[in-house]
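Shared between the two complexes below is subunit A, which pairs with subunit B and subunit C, respectively.
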Partner chain A sequence: MTGKASPESIFTWVCEILKREFQISDAEISPTAHLIDDLDLDSIDAIDLSVRLEEKTGLSFKEEDLKAIRTIQDVVDFIAERLD
Partner chain B sequence: MRFTVACYRVFGRNVALALIHLVVAYFFLTDRAGRRASLAYLRRVYATQAGRSALGRAPGWHTSFLHYRAFALSIADRVELWLGRAGDFHFESHGSEICDRFAAEGRGYIVLGSHLGSFDALRLLAQRQQRCVNVLMFTRHAQQINRLFRELSPDAEARVIEIAPDSVRAIFEIRDRLRAGELIAVLGDRMEPGDRGRASQVQLLGDSVSLPQAPFLIAGLLGCPVVFMTALRSRARRYEVHVELLAERVELPRHEREKRVGELLAAYAGRLEHHCVRAPYQWFNFYDYWADASSAEGVE
Partner chain C sequence: MSRPSPPPLAALLGRLRRASRALRTGLAFAIFGALGLLLGLVLFPLERGLTREGEIAERRCQRRVSAIFRLFTWVLRGLGLAEIRIRGAERLRRPGTLAVANHPTLLDVVLIGAEMPQVDCVVKKEAWSNPFMRHVVTATGYVPNDLGETVIGACAERLRRGRSLLLFPEGTRSPEGGLGPFMRGAAHLALVSGRPLTPIVVRCTPPTLMRGQKWYDVPDRRMCFEIEVCEPIDVGDVVDPGEPRALAARRITAALRDFYHERLHNRNA
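And now, the complex of A and B:
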């Protein structure tokens, strides 16, 4: 993924990945949805998500990054900041 | 390890072999818990039909000593392999076409080994295909081990990747290695301290044991094949290598993950048992392997 992406478009495809790969329903998705508490992702899912996001964005995720990410919005912000 | 290697270099095979036997005899005589574990294991083997004919006699001191002795012989062979004397060894492989196919396709794969037989023979297989082997270990000593590897056999294409269960960094490294068509080797028959209880209960030799899910979880994350491998010593410097496909591509849908990993681990345990009862003395887990089954029923 190259060039600038708006936070809105990042939000859209992060949600697409969550729906397609993690069977999260539309109703569960919102920027403030907590990945673990609300979406029921576990540590393996978190790694799975980071592998997929890395493939899409070319960004690399570190353990500290994953620990800091709690909500869908955190994921979007993380990517938006680094793709700038 | 360094001591054994030094013995070999200084005294040659026969003296080193005698020394190794002495050490093993010492352990056999003094290690009561190990001996008891060996006997309990041999009884499980004897309870199976194939195991009974492989052992030929009811388990006792004698069979237990043979069990320890097999361990000594395997260490001796290992040292020789490490010293780069692979040319003196004969490997008869069964099923390694799978590896040839993956190599031709440029696909990396996970090799799931065990403490049955020799896992070192794997390096030979990899060398033949000119592939690098990456050994996954729950260790903080990866760097030292890598250094020892290089010292012992500078040409060998082997390295250790240190894994921690939820570690992202290791996953990316494993993925890159697989993409380069390399092998990822990991032992699947023991829970390691770092596994933090991600385990499945499966049947092995009559009772349930906990096996680590990590190898299949990794394969599921990266969508790669997994093969079972064991190399059994038939006589001095001769090994039969068995390679069997466990999964062409591991896929773990989120809501079925536990179930699927459990099935894959059961298949692995099935292959392990199949080979174990045919070469019973080469099972190198000298501790109460079925402890879970006898004490902690139902505990995670």
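And now, the complex of A and C:
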């Protein structure tokens, strides 16, 4: 992905990935939804999600980065800050 | 108002029986502890003296653990504490079996392990720093419950070498009479290794040694274990090609949990 992306558009496609590949329903999705506690992702899902996000953004997610990410909003913020 | 009548003889006898059962249960725990010491202090050092580290030493130590578990099942039967019935145990003796089980009591791993001369387990990683557990988990080559991807890799590697594996998808003991949420590790492992899942259904009546129950909180009658080793499930039949693994693992796990729910529910009904 090149150029600037608004936090809103990042949020939209992060949610797309969650719905398409992790069977998350619209009802479960909100910026404050916790990836593990609310969306039932596990550590293997976290790796798969980061791979998808890396493909999409060209960013690389390190293990420390992943540890700091808890909610969907954290994912969006992480990407928005680095794409700026 | 009349005085409360003295307890009838039947109630007294019942209390006596319960006390005797609690005593025998205590004895069984003591014997289990002693067998554990025998393993750690005698059998494992002996094996290590005879064989160098590595695959062969690990398999030999696992065989010792299984023998100790089998001995303990005789103790349970001999003390009149448990009746144990197993169907389909021959399915567990095929090399490279990927077995999963529900986990109603503390004894499941002992009773299943007694039927598997070689079996790897995933154990809490704290065991590797626990002075009582450390030598058992290192000598047997059990898998520490670390990050998901690492555990799957270590388990898949063991299956590739023809070693069998036992997993409890609930990750902990089941809630009374039911099933906890299933973790998806077993499904991921089946996907990665291509091995079918062999489900083991464990039933125990009356419920005993459950999570949060004290050992002396014994039931009023002998525990009856029924262990059924079911037909292996080939996950390749369930998965669509090209499906993301996260989705496939979710579907397999949901199907597996339904399978257990059905088996446990229909029997109770």
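In this section, the second predicted complex is superposed on the first by the 84 of 84 C-alpha atoms of A that agree within 3 Å, B and C clash if a C-alpha of one lies under 4 Å from a C-alpha of the other, contacts with A are read in each partner's own complex, and residues count from 1 in each chain.
Simple rule for what comes next: a contact is a pair of C-beta atoms (placed from the backbone, for glycine too) under 8 Å apart; a residue touches a chain by one contact, two chains touch by 3 or more.
Predicted model, so just to flag it, every value in this text is computed and none were measured.
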Quiz item: Can A:D37 be said to touch subunit B (first), subunit C (second), both, or neither?
Solution: neither
Practice problem: Pick one for A:E16: touches subunit B only (first), subunit C only (second), both, or neither. | Solution: neither
Practice problem: Report the partner of subunit A that touches more of its residues: subunit B or subunit C. | Solution: B
Practice problem: Tell me which partner A:E81 touches in the superposition: subunit B (first), subunit C (second), both or neither. | Solution: neither
Quiz item: Who does A:D48 touch here: subunit B (first), subunit C (second), both, or neither?
Solution: both
Quiz item: Which of the two partners, first being subunit B and second being subunit C, lies in contact with A:K62: first, second, both, or neither?
Solution: first
Practice problem: Take the contacts of subunit A with subunit B and those with subunit C, and give the residues found in both. | Solution: 22-23, 43-45, 47-48
Quiz prompt | Touching residues (chain side subunit A, partner subunit C) in the complex | solution = 20-23, 42-45, 47-48
Quiz item: What does subunit C use to touch subunit A in their complex?
Solution: 147-149, 152, 183-185, 188, 244-247, 249-250
Quiz item: Which positions of subunit B touch subunit A when the two form their complex?
Solution: 165-169, 171-172, 175, 217, 221-222, 254-255, 257
Quiz item: Can you list the subunit A residues touching subunit B in their complex?
Solution: 22-23, 43-48, 50-51, 54, 60-63, 66
